[in-house]
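Next, two complexes with chain A in common: one pairs it with chain B, the other with chain C.
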Partner chain A sequence: MKQYYSFLRLSIVKGLQYKTAAIAGILTQFCFGFLFIMIFEAFYTHQPTQPISLNQIIQMVWLQQSFLVFIMLWHRDSELYNMITTGNICYELCRPTNLYHHWYARLLGQRLSGAFLRCLPILLAALLMPEPYKLHLPVSLTAMMLFIVTMILALIIIVGLSMLIYISIFYTLSPAGSFLLMAVFGEFFAGLTIPIPLMPLWLQRICNLLPFRYASDLPFRIYNGHIGTEEALISIIIQLFWIIIIIGGGKIWMGRSLKKVIVMGG
Partner chain B sequence: MIEVKHLSKSFKVVKKNAGIYAAFKSFFKPNTESIHALKNISFNIEPGEIVGYIGPNGAGKSTTIKVMSGILTPDSGACTINGLTPWTNRIEHVKNIGVVFGQRSQLWWDIPVIDSFDLLKDIYKISEGNYDYAVQLLSDILSIEDLLETPVRQLSLGQRMRCEIAASLLHNPKILFLDEPTIGLDAISKIAVRDFIKQINKSQKTTVILTTHDMHDIEALTDRIILIGKGEVLFDGLLSTIKNKYITHKTITIDHHQDNFILSHEGVELIEQSTTRMVMTVDIRNVAISDVITYLAKNLDVIDITVDDPSLEDIMVQMYKAYNI
Partner chain C sequence: MSLYWKYVKVHFMSQMSYKKSFILLTIGQFFVPFMIIISMYLLFQRFDHIMGWTLYEVALCYGVINLGYSICECFSRGFDTFSSLIRNGNFDRIMLRPRGTILQVFGSKFEFTRIGRFLQGLMVFIISLYKLKLDYTIWIILALTLMILCGIVVFTGIYIIGASLCFYTVEGIEIVNIFTDGGREMSKYPLGIYKKEVQKIFTLIIPFGMINYYPLMYVLGKSHKLVHVFYPLYGFIFLIPCLLAWYRGVKHYKSTGS
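Coming up: the complex of A and B.
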């Protein structure tokens, strides 16, 4: 276990080097946050009655922006996919480690380091904003606890989904397609493009059948009180189900790809 | 210790002619071709040996190394290293081996070398004491002490390669696979790497399998070579056997004070002659080299005389030709 912790630690150390990137990221995310809020404001001015209140949407927007590094599906580790396409994976394979665990720890570390740098400043600033742009504290202590639990489980799901992208590169040899598919479909069905409560019912049902929603929409709507305790508890079970499917499936898939891996040249 | 039996591996390669039409055709009906990278490779290596694994580009050297280090799964055949099969017991197996791929890097690009070493320490579960000892020892003999705190991206190739080799040896492996460890290095770094390989082979009894195109590496390090071409083992034996077989001629260069000397001696062929210098080859199967020298000394006013063996490189060219690879 210690070795995987070391990968995690090293990823974090490496991620913390990129201060300028973090500052730029924070600014970008503020811009996007305001942009989204203004769009929704305009929308709500004309159609005030919606299944979710504007205030709740604003909460979600700020949470999405501050936890972006946790929830984005298109987070890229160029070193990792270059390793596959150039054959440097050789070295990864002559280590006494389980490659799935090793890469999982690495990707997790990157997301954690990214969040360390970006999450708190955005959250703090959003908490200090004037109404109606202000981020509130969770609706209740229970909601807070459930938010933390579902957020952690969400992170586990997201990294599992990212792993699938990297494993697919063993077959496609180019990261572009897998990332694009994940970014477009995944983000849409996770409710990052249009909030899920604003979707038509049939689309909501599709979202409920896919794992993406459980990786971002769920914890945020628990935070703003749109999802109650009972539904939250059921959702946690669904999250655990997806974790088993995604990580179990990913491990089997990786095992198979490694059997047929070919490293040419040199 | 290392037993390789009837190892075979083939790859699929897509073939396509140039041009739009061919590209279009290949889009619908890709034309793949099987390349037999390894065909029935067998050999044994004893503990403590240094073996040179040589052959032209594309012969299958790296593929063999990759199979032996558990990276690739062969199509058929068996390989037992310390009682383990590399590709089925990968994790157990790789604890005992160190691998250097001269064309690839294992160090983390952005962070200081020592951080990569620390990571390897945890990966291989090296105890604190053993780790400190290994780092001390390796940085002494590879003289990388001053480089440890530098980020890898700021190292020169030679410096990086020495760090790579050290990184592969931190866990004190019993077997070391070196795939072109001296590629691109300058003379001083090459010699440092060679000395180092000799040293650890002697002191730690590490078994070393080395692929290289640099024949000086082979001459400096190994007695035994395995020659491979087109995926097959063509020769497995002592370097001296090869030399005895292929060194049929020696070259004599002589400087003298005499004009218009006419050379005539059995088994000697004149290659070059100027007023004061002659270069000739001696067929040592027909005539003793000492006879030729005596003859020259008697008939000429000699200033200087040198006798050269053909270089190992020349021998390899001959061998590649003889085996038609």
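Coming up: the complex of A and C.
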């Protein structure tokens, strides 16, 4: 366990180096957040009665932007896939560590450091915005607690999902396809392109069946009070279920593909 | 100019040699914005209109900006990834050749996979024109052509400015993305729906409103001022400071030595 903890720390410290990138990222995310809010505001001006209020959407947009590093599926670690395509993976395999755990720790560290740099400034700025655009505190103390719990579980799911992408590279040898699939459909079903409550009912049902929603939409809607305590508690159980499936499946899949790995010389 | 087409040909051949990945990327380029148009459609099922603009009117706006953006991305990729040219010292080689720097940077890279995005934009463009049933006067056709053409010009201008900044920072800067990606995201909805201040910035300083919003109003009959048809030409004026910034940057250039 200790070694994986140091892998995690290593990757966090490495991630914290990129401060200028983080500042640029913060600015970009802030602008995009504002843009999305303005679009929704325009939509709501003439038809304000919808299954989710404009205010709740604004909360969601800010949360999405500040936790973007946590929730985006297309986060790339080019070193990892280069390792697979160039064959340097054999060094990794020589190490006396479990490759799944090692990479998991590494990806988790990248996300944590990214969020550490970007999340707080955006959250703070959003909290200080003037009224209609302001990010409010969670609706209640229970919502706050549930938000934290579901967010942590969401992070575990997301890293598990991105592990699946890297494992798929063992077969496809090119990351483009898998990343794209995940980025396009994953983000859509996670409710990142349009909020899930605004989708038609049949699409909402599909979203509920897939894991993506539990990685971002759920904690945010608990935060803004759109999902009540009872539903939240049930969802936590579903999250745990997905964690077992995704991580368990990922480990089995990786074990299989590693058996097949043929490292070419050179 | 013939040199430029030679560049195009060489890059096309080289990208074609990886057929499978080319096709995959092209399909991907088609689908990423495709989901955006789907979500737009879904939003318009919830809401009938956005500040009086209907689905197909907004779709036309989106189609036009995507056509311009995809063409620009295909040909101006060299400026987009310019920081790598500086970092690995390849810009020195460009300076040594007896041709203009702009032409050579243009020629340094092409992304033909952007044809996916282009086709998608074209599809949306045609469908929305079909559904809108405009009566085509010469002015409307001229306006649509100018909108696409000047869209390319403005996006290219932004890329050139971004590349010029690389002369000073060496690193590529993400900030430029606010204007390219952000500009594209923003112009998929008509500028009129945004806040007044935002409208002003994106009309006068970065002229997305000029190339997209005003001529579109004329096309859709929301405004009857013929002068709006010619607003996109402002895009060429926008190009002037971009080019000036570029030449200043070239003068300032110090090789990284690698």
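The definition used in the following text is that the second predicted complex is superposed on the first by the 266 of 266 C-alpha atoms of A that agree within 3 Å, B and C clash if a C-alpha of one lies under 4 Å from a C-alpha of the other, contacts with A are read in each partner's own complex, and residues count from 1 in each chain.
Rule of thumb we're sticking to: a contact is a pair of C-beta atoms (placed from the backbone, for glycine too) under 8 Å apart; a residue touches a chain by one contact, two chains touch by 3 or more.
Note that this is a predicted model, so its numbers are computed, not measured.
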(request) Once the structures are superposed on A, label A:79 by its partner contacts, choosing first (chain B), second (chain C), both or neither. (result) first
(request) Kindly classify A:35 by the partners it touches after superposition: chain B alone (first), chain C alone (second), both, or neither? (result) second
(message) Looking at A:94, would you say it contacts chain B, chain C, both, or neither? Reply first, second, both or neither.
(response) first
(message) Going by the contact rule set out at the top, does A:3 touch chain B (first), chain C (second), both, or neither?
(response) first
(message) Which partner chains sit in contact with A:14 here, chain B, chain C, both or neither? Use first/second/both/neither.
(response) first
(message) According to the stated criteria, A:193 is in contact with first (chain B), second (chain C), both, or neither; which is it?
(response) second
(request) Quick one: which bits of chain B touch chain A in the complex? Just the residue numbers, please. (result) 11, 62, 66, 69-73, 90-92, 94-95, 97, 99, 101-106, 108-111, 115, 118-119, 122-125, 179-180
(request) Please give the residue numbers of chain A that touch chain C in the complex, ascending. (result) 20-21, 24-25, 27-28, 31-32, 35, 38-39, 42-47, 50, 174, 176-177, 180, 183-185, 187-188, 193-194, 198-200, 203
(request) Using the touch rule from the top, collect the residues of chain C that touch chain A in their complex. (result) 21, 24-25, 28, 31-32, 34-36, 38-39, 42-43, 45-51, 171, 173-175, 177-178, 182, 185-186, 189, 193-195, 198
(request) In the complex, go through chain A and note every residue touching chain B. (result) 2-3, 5-7, 10, 13-14, 17, 79, 86-91, 93-98, 259-266
